[in-house]
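Next, two complexes with chain A in common: one pairs it with chain B, the other with chain C.
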Partner chain A sequence: MPRFLTDFIQACMDGLLTGALYALIGMGLALIFGVMRIVNFAHGAFLMVGMYVSWVLFDKFQVNPYIGFLISGLFLFVFGYLVYRALIQPIRDRSDFMQILMTTGIALILVDSVQLKFGADYHQTIIDLTNRPPFSFGAFTLNRAALLSFVIAGVFIVGLQQFVVRSRTGQALRAIAQNREVAPLMGINVTMIQGFSFALGIAMAGLAGGLLLPALYLFPSVGEDYTLKAFVIVVLGGMGSIEGAAIGGLVLGMTESITSAYLGQQWALAVDFILFLLVLSLKPSGIFGRQRA
Partner chain B sequence: MTALRGWRIFALLGVTAVFACLPLFLPNDYVLQVFFRIVLFAALGLAWNLVGGYAGQLSLGHVAYFGVGAYGMAMLYAHHVPLWLSVLFSALIATGFAAIIGSIVFRLRGPYFTLSTIAFAEVLRLSVTNLPAAGGAIGLSTPALFPPGAFWKMFYLSAVALAFVSFLVNAWTSRSRFGYYLMAIREDEDTAAAVGIDTANYKLRALMASAFLTALGGGLYGSAFQFIVPDSVLSGEISVQIAIITMLGGAGTLLGPVVGAVLLLAASELFKNKFQESHLLTYGILIVIVVLVLPEGIVGGLKQLFQRKTKPPASVAPLAATPAQGGD
Partner chain C sequence: MSTTTPNPANTGTAVGSAATPLLQVDGVTAFYRDLQALFGITLKVMPGEIVALIGANGAGKTTLLRVISGVKQAAAGSVKFEGADVSRVPAHRMVARGVSHVPEGRQVFPFLTVRENLSLGAYTSRARASMKQSMEEQLALFPRLGERMNQLAGTLSGGEQQMVAIARGLMAKPKLLLLDEPSLGLAPKIVDEVFDKIQSVRQTGITMMIVEQNVVSGLSIADRGYVIQTGTVLLEDTSSNLLKNEMVRAAYLGL
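Up next is the complex of A and B:
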């Protein structure tokens, strides 16, 4: 096989591995922003909290991040629910403008509280798995930790999708998204379901945070870029579509990986945003068409 | 909205004169520098108010114009453009930039608009960081606009002048047809378009005026601190700061941005030693409080209170009462 082709396929595969985590992050936001129409500018900050939960477990109790991420997810589910009831629900019916300000405020509080508690230092989480030689076949290599994250993320992606499509709660959620006036008349407890879905979306960010931990340096504002990336993913996939967000995540992962391979890693984020602006101005319904769930 | 008539003109001139004389009484350069930042951010808040306040478009990308002002001045001067002309030219470049960005982002609404303003600013920051021609991550040194002797005094006075001009633009906007169109767009864009307002055009004009003033502020800031890096004059934090100052004081009011700048910068100055790096915590808490209990900001809230006491229920319903885009 010619060299340029193997390089390209390698970049695509690396991109898919990262993309699975992006898909998880994006699906969480798709639930909150796409389906519930809450503009959550704190998504990356919640992800960062998830990373810190996992890191504290690893640092203090030697819990492997590949187990700790479950606790991150659980913690953020509860935390997300409390934040929703205390701060988001009171402004649920206000303008997007107010929601953006509120969630920006929440993000600032989360980032700076973490900074006060843990300092601004960078932390690295070194586990045995990241040090092992990469898994290789033919001309290709795959990082073992990234591969494991990919498999775990895949399980949660399918799980969340099935939950939203099949479960009673998922149906109720979609009913609210379709018509908020009629849903309560059908016996749906709107407040409960919305709190639950918000918490579920945040929990996805928490899980992704835990899974990202071994791959990244940890510092308080690590989540900042992920807020924007999450919106990019949701827009790529088409608003309100959970499956679209999963595909959007994979597309974003691959775009970044290919950009890094050919232009250099420092341009990856800029290309994300350019892609975002292009999709918004040329095909606002997202690459994959479907408008709403 | 306040009119600029009779005694109000004198009051405004009086306040400006008092501010202009202030440096004569301030003990040292450090205090003067703090005052410079307060007045500069009041000016930036007033500039943002045109777009975020009157037109109701939540831009979180204003740092792009601020950065173009600072970088443009440094780069033009390096190419032998006279000092003050490079400040003016860079502000004009920022205005042109706003015209391009605006023609794209104003087609979007609500969160998409806000996100795309952030995206543009971030693309600019990342490009400057990665392009050696613009100094890269290392940054550029900037020319000093004033001689060392009266350095901070002159910078402070320039900031006062910029704030004064921005205030006049706001005052004119609040009473002009242009301003009423913007407010109509804020309250309900579809209805505004339906009654014949060229909404895209008016939003664009507001953004261009706002970008021009913001870039002048960026030029002053860049020169005053003598060195610029992408993370100082192109950081998203500045966009958020400008927006919060205006929202806290009261978006769409004349005095709001000024009140907001004084309160927020004074608070962050006071808490700086207490929280060190975490001064944004103060901002975060203030935002949450404002959104929950004072959605119209301090000036807007006081105005409502005052109107409620003197008149039957006011029909003035700024930002907060904007319907949530028809639930879609």
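Up next is the complex of A and C:
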């Protein structure tokens, strides 16, 4: 196989591995947007909280991050629900501007609180798996930690999608996304389902945060880039479509990886932006999406 | 068309009867911010009755249905359902109590299939228990939907969407069905079809309250009617008397 081809395939595979985590993050944001019409500017900050939960478990109690991420998810589900009841529900029917202010404010408070409690230092989470030589086959190599988190993320992606399509709560959630006025006439408790969806979307960010921990340096504003990435993913997938967001996540992961391989890592975030602007200006309904939750 | 056969369940509800109304609305007022839409509406619906609400655009008919189904709260007055005060009961709980509201404007869930739309109609645990049977009943009533079960509801014709909306409302196994302008925006031939279906629903003995701008059709399937004007009840009588009424004929039938 010619060298340029193996390089390209390698970049695509690396991109898919990161992309699965992006998909998880984007699906959470899409779920919240679809059911509540609220753009959650604190999504990356919640992800960061998930990373810290996992890190504390690792640092203080030697819990492996590949187990700790579950506790991050659970913690953020509960935390997300409390934030919804205290801060989001009261402004649910207010202007977009008010909602942007609120979620941006929540992001600031989360980042500052974490900084107060844990300081601004960088932390690295070194586990056995990250130190092992990469898994290799033929001309290709795959990072073991990334491979494991890819598999785990895949399970949650499929699980969430199936839950939304098949379960009774999932049906209620889609009904609200498509016609919020009529949903209560079916007997759906909209406030309750919205709270649940918000919590579930935040839990997805928490799971992703836990899974990202071994791959990243940890510091209080580590989540900022992920808020942007999550937007790009949701816009790529068609606003509010969780299946679209899953594909959008994989596409973003590959785009970044290919960009890094050929232009250098520093271009990856710039390409996120360019992709975002291109989709918004050329096909605002998303590349994969009709509007569908 | 001036003769209406009273529903069997409705016989013996003459003045002074001891039967409790299924629905009793007393002095209800409602506002949209500063704008008052209802100015003290009082009416009742007896079990088994079909009651028509007629009135011009903006009279407050939709608002009244919204107050009854709990979507909107009355500012004053009370709504009683089966004798219990439900003025403060939210919409999703009213469905569980047996009030099903089919809103105006064919509001289906556009990106869900017909089947998913119908099954959402049976969302409450009470209705879900007999979902299969209700689904069969609805398909017997609306055979055309049977061929479209896996089609997205948003891709159906206007008349078909209205039938999905009505069938979905019936899936809730309501004691009281509120229908808001089922014929709005439909071609005359489809309007006839929709009214035929409503006639068939009527045979099953479900109590109904129907809002109609199509005064003749609305009154001809109803036992009684209320004429609503700017948020008040202007007239109340049997359908046959309303159809003969000079004022109704002049104002709504152009005669």
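Basically, the second predicted complex is superposed on the first by the 290 of 293 C-alpha atoms of A that agree within 3 Å, B and C clash if a C-alpha of one lies under 4 Å from a C-alpha of the other, contacts with A are read in each partner's own complex, and residues count from 1 in each chain.
Operating definition for what follows: a residue touches a chain if its C-beta (ideal position, glycine included) is under 8 Å from a C-beta of that chain, and two chains touch if they have at least 3 such contacts.
All values reported here derive from a predicted model rather than from experimental measurement.
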| item | value |
| --- | --- |
| First, second, both or neither for A:Ala172, with chain B first and chain C second | second |
| Which of chain B and chain C A:Val182 touches, first, second, both or neither | second |
| First, second, both or neither for A:Leu5, with chain B first and chain C second | neither |
| Contacts of A:Ile67 with chain B and chain C, given as first, second, both or neither | neither |
| Touching partner for A:Val190 - first (chain B), second (chain C), both, neither | second |
| Contacts of A:Phe273 with chain B and chain C, given as first, second, both or neither | first |
| Chain C versus chain B, contacts on chain A by residue | B |
| Contacting residues of chain A [partner chain B, same complex] | 33, 37, 39, 87, 90-91, 93-98, 100-102, 104-113, 115-116, 120, 180, 224, 228, 231, 235, 264, 266-267, 269-270, 273-274, 276-277, 280-281, 284 |
| Residue ranges of chain C in contact with chain A within the complex | 69-71, 90-93, 95-96, 100-103, 107-112, 116, 119-121, 123-124, 127, 168-169, 172 |
| Residue ranges of chain B in contact with chain A within the complex | 56, 58, 60, 104, 107-108, 110-112, 114-116, 118-120, 122-123, 126-127, 129-130, 236, 240, 243-244, 247, 275, 277-281, 283-288, 290-292, 295, 319-320, 322-325, 327-328 |
| Of all residues in chain A, those that touch chain C in their complex | 168, 171-172, 174-175, 178-179, 181-182, 184-190, 290-293 |
